[in-house]
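You will see subunit A twice below: alongside subunit B first, and alongside subunit C after that.
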Partner chain A sequence: MPLRTILRISPAAWLFPAVVVIAIAISNTIIAPPEPYPPALTGAGEFSIVLVAPICAALAAWEAGRLRRAHWWNLPHVRPSLYIALSAVIAPLCVGWTTIMISIAFRLLSRGVLIPDLRILLVAIVVILAQTLIGFTAGIWLPPVIAAPVVLIVLFSWMTLPPGLNAFWVRHLTGDLSGCCSVDTDLAPGAMEGTIFLALGFMLAALIILNPRRRIIILLTSLLPAIIGLALGASLVQGMGPDPLVPRNPKYLVCSNQWPKVCVWPEHKSRLLEVSEIARKAATAWQSMGISVPNTFSEHYSLKRGENSFGFSLEANRIIIANSLAYSMLPPTPNCPENRPWIGGDRQEYLNAWLDEVAGLTADQISNEFPSDVLQTVARVRRMSIPEQRTWYKRNFQMAQKCGSLPHLEVDK
Partner chain B sequence: MRLWLKVRRAWICVPTVLLTALAIDLSKYLYLSIPNLFGGDMLKLPMPLILGIAICIVLGWGLGSGNPSLESVASRPIQELDMAYTLAITLLNLTLCILLHLISNADIVLAAGRNVLGYIGLMLLGRSLLGSNAATILPTGFVILVGMLGQNQYGRIHRWAWPLAGSEYKLSWVLAIALLIIGAACNLFQIKILGTNTWNNNN
Partner chain C sequence: MSVEANLLDPKHGHVRLGNLNPRHRRQRAPYRQAVGWMPQYIYAVPGLTTREQVAYAGWLKGLSRARAWEAAAQALDKVGLKRLMDIKTSELSGGQLRRVGLAQVLVHDPSVMLLDEPSVGLDPSQRARFREIMSHLPPNVSIVVSTHQVDDLSELFDTVVVLEAGKIRFTGTAKDFMSMAPNRPDDRRAEVAYSRVIKGEY
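Let's look at the complex of A and B:
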């Protein structure tokens, strides 16, 4: 169809500016981390798919209504049905894809990133294509007065209802990947593959139903790819948490050369020297107290001996970074049975505050992080001799790892 | 009369009302997570508040299914009958919602019943504004936009956002009923707001 004709007759072309404005506004509701991390920014930009894809489907249903009104679809045609369908929905498709790309570009450029995460972009493209074809099929089967609003409201509900359900897996199949990612996580491959399988399954089902011969066997056949797509998709996202995330591959870490070794994600590389210096001072102070210090502080979550995990954002100041390093020194959460809960867990902040003060932070600097009674207790501990402080720390450190025991925090006079 | 009811799809519309009322009651604990364009957390739009769109779509389909040129010379007052039929469907839904509200004591069911009044009003207005084919898009698009714009960043509902308000807010009832009256009047007097629309569906 010539561009001029599309601009003249297609509601998709008329609505394009409004859809772009709404899409950018929707994607701006997601707070992305301050780092220039492409998956996080692409995920935030792609959030507008919750409305853009259903709008494309409704517009496709409207376009299909023209073919329906002319009884054109039931006439014999030389060109394949898919070709005809795609040429009819080219305007809604272009509006959807362009809008998503603009919405993503808007978020990427706000952090100075030029290349989007291609996996998330691919998911968005496939989901928009699938929903548009579903809309087109609905428009061929139903009159436009029913098809367009039904497709709009049903697909919008499909995109926005799953986050409110207790079953997490459903939300990872909609194509909304706004839960991805913080700088230490990456997009779960299962979420991407599951969404694409489901979209392809439903797309295939929609294309089968497009067959002009309306027989029950065709309807039943169309269920097959939809069910297979759903089953494959569900199996791939089964067991995932509320967000479609996996830990980021540690091969991307950038590390310092001095002791202790500090490894940060590439987006934090600009602050590596500063963080290394903070870590060196803190580690030296902790070591002087007789506390064993790991050789490596890494932003990658690791259970390796001699490697502690910490984290910070680009906006974090020296105090937050030192506190995060101190937090990484705390004992890991024990796996307690139900009848012996980990009652000492909430007292770990005493140990954390003590480590902060040993690392050189003052009580004033950490007054926002800890309650006053914690700071008072730690102040009393800090007035004791170094061997007494070491004993206090080691005793509480060991008790904090046990189930059903409360660390002894009172200062022995 | 039987033919008129058949053409207006009464045999689909009445079961739709019954099923929608049932769905409203069954879905009262479900909600859509809608982005709040004014910032803040995601908004929770209760599912029953949008389900009334189903009635409005089927009703809009039925109202546009006639033959306007033939009906204009009919001996029966078709336009008045159409409006009576529309109001009867609206009242049937409202009555069911009131009954379900009395049984379940859920405020949201009553609010859903109120919304159907407004949605049907918008659909009727849509017939005057956009024509029969696009009439049902108006309430559907409206409810989605209200979902995203109807609350401030702290989750407080704006006064004009009647579909989101609780059933105890009188203004929301006034606005929904006003829309129904305006829409019905536009259809009764065949007012074409844009002047290019048609009163029947081109199915």
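Let's look at the complex of A and C:
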């Protein structure tokens, strides 16, 4: 159909501005991190797919209804069914793809980023294509007044209900990747591949059902790609947590040259000097108290000896950064058996507060971080001699790693 | 008609057009391009104008968008609907819609046209108009018409095949067919001949 005809008759063309506004409003409900990190911003912008893709499917069902009402689908055409279907849904497809891109661009530009995460964009494009073709197939099989609302409701439910299920794997196949990412994480490849496999499987099934010769064998055949797509997709996202994430590759870290070495993600590079200075001051103070300090503080989560993991956001002030460095000095959580629980864990904040104060923060500066009784205890410890403080810290540090023991926090006076 | 149009596959035998056998995947598209089918009922495609609908039909039959757009205007001219090109097909009368159906066949220049009951439901003036259009169709195009309207048989058609319950009861020229009712008035001859064929009186 000529473009002017599409613009005149397609509801997708009239609804486009409204769909864009709704999409931007929906994607703005996702709080993206302040960093200009493309996967996080693309993921937040892509959240609108939960409504955009079902809308495209409903619009495609309506367009299919045009062919259905004219009894044209079953005529012996020369052009292949897929070509005819794609041509009929070109308006909903363009609306869907453009809307998602605008929605993503809106989030990216808010942080001054120009390039989206292409993996998330690819997932969005494939999911919109698949749902649109599914909608078209429904519109060929059912009257449009039934097909359009049914497709909208069913696909919107598919996009929004899985996050409420206890089984995490289902949510990673819908194409909603708004759970990606914080600055220290990246999109799990399995979530991308799984979603695409499932979408392709269902898209193929829809295309098989489009065959004008409606036979049982065709219906049964269509189940095959759908089942294979689901099985492949499910196997790829199996074992994932609530969000489709993996740790970010440390090769992107940007590091300082001075001691202690500080490594931050490239989005935090602008604050590397400042953080290095805070780390140097804190590490020197901790060392003067006789506490062993790692050679590296890194934003990458690492179990390496001599490397502590810390984190901060672009909006964090010096107090939060120093506190995060101090927190990285705390003992790791022990793996306790059920009959000997780790009862001292919740009191690590005493050690944290003490490290903060040694690092140069005042009680006032950290008063929002810790309860007053913690600050009072730490104040009493700080009045002791340096060897006594060192002994207090080391004793409690060791006890904090044991199971079934309470760290000795009170001052022996 | 559905089998000839390649909408259905024959249970036995073959349907061929020259060397084209639509059972073979590679020959299906050229076969369908060469065969134009006008179904018994012509429906308006919601929202489309007459020219858009005919052009869409041409595009489905393999024409490029630009070629289909041009050919649609020519086909509508042939069926006398040029002045209604920009009217929505949903606003056309039954007779006009039938002519749109014919234009949908003409648009892709088929070598064989299959017309399924093309004049059913038309009033006498519409039928006269339709007959006139048919008589002006290109002479190099073979036309197969399935009809129960036999009154204008001898004027329009060369060959008659009478089918009953899937069996061929008669096949021959229109002249031979009409000769089965020699002493009847002109407007009743075909009808009487038809009755005789069905009753096996020839």
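General observations
Please note the rule applied: the second predicted complex is superposed on the first by the 413 of 413 C-alpha atoms of A that agree within 3 Å, B and C clash if a C-alpha of one lies under 4 Å from a C-alpha of the other, contacts with A are read in each partner's own complex, and residues count from 1 in each chain.
Note that a residue touches a chain if its C-beta (ideal position, glycine included) is under 8 Å from a C-beta of that chain, and two chains touch if they have at least 3 such contacts.
From a predicted model like this one, the values you see are computed outputs, not experimental measurements.
In the three-chain model built by superposing on subunit A, subunit B and subunit C fit together without any clash. When both complexes are overlaid on chain A, the residue A:I125 reaches neither subunit B nor subunit C. Once chain A of one complex is fitted onto chain A of the other, the partner contacts of A:R79 are limited to subunit C, with no touch recorded for subunit B.
Between the C-alpha centres of subunit B and subunit C, as viewed from that of subunit A after superposition on chain A, lies an angle of 50 degrees, to the nearest 10. Of the two partner chains, neither subunit B nor subunit C is touched by A:L351.
Shared-chain residue A:L133: touches no atom of subunit B or subunit C. In the superposition on chain A, A:A53 makes contact with neither subunit B nor subunit C. In the superposition on chain A, A:R69 makes contact with both subunit B and subunit C. Once the two complexes are laid over each other on the shared chain, residue contacts for A:L325 go to neither subunit B nor subunit C.
Shared-chain residue A:M1: touches subunit C; no touch with subunit B. Between subunit B and subunit C, the partner in contact with more residues of subunit A is B.
For the pair subunit B and subunit C, the model built by superposing on chain A gives 9 Å as the shortest CA-CA distance. Residue overlap on subunit A between its contacts with subunit B in one complex and with subunit C in the other: 65, 69. The residues of subunit C lying in touch with subunit A in their complex are 5-7, 29, 32-33, 35, 37, 39, 41, 43-48, 52, 55-56, 59-62, 65, 69.
Of all residues in subunit B, those touching subunit A in their complex are 30-37, 39, 42, 44-45, 47, 50, 53, 57-58, 60-61, 64, 132-137, 139-141, 143-144, 148, 201-203. Taken together, the subunit A residues at the contact with subunit B in this complex read 22, 25-26, 29-30, 47, 50-51, 58, 62, 65, 68-69, 143-146, 148-150, 152-153, 156-157, 160-161, 163-165. On subunit A, the positions that touch subunit C within their shared complex are 1-2, 5, 8-9, 65-67, 69-72, 74-79, 84, 212.
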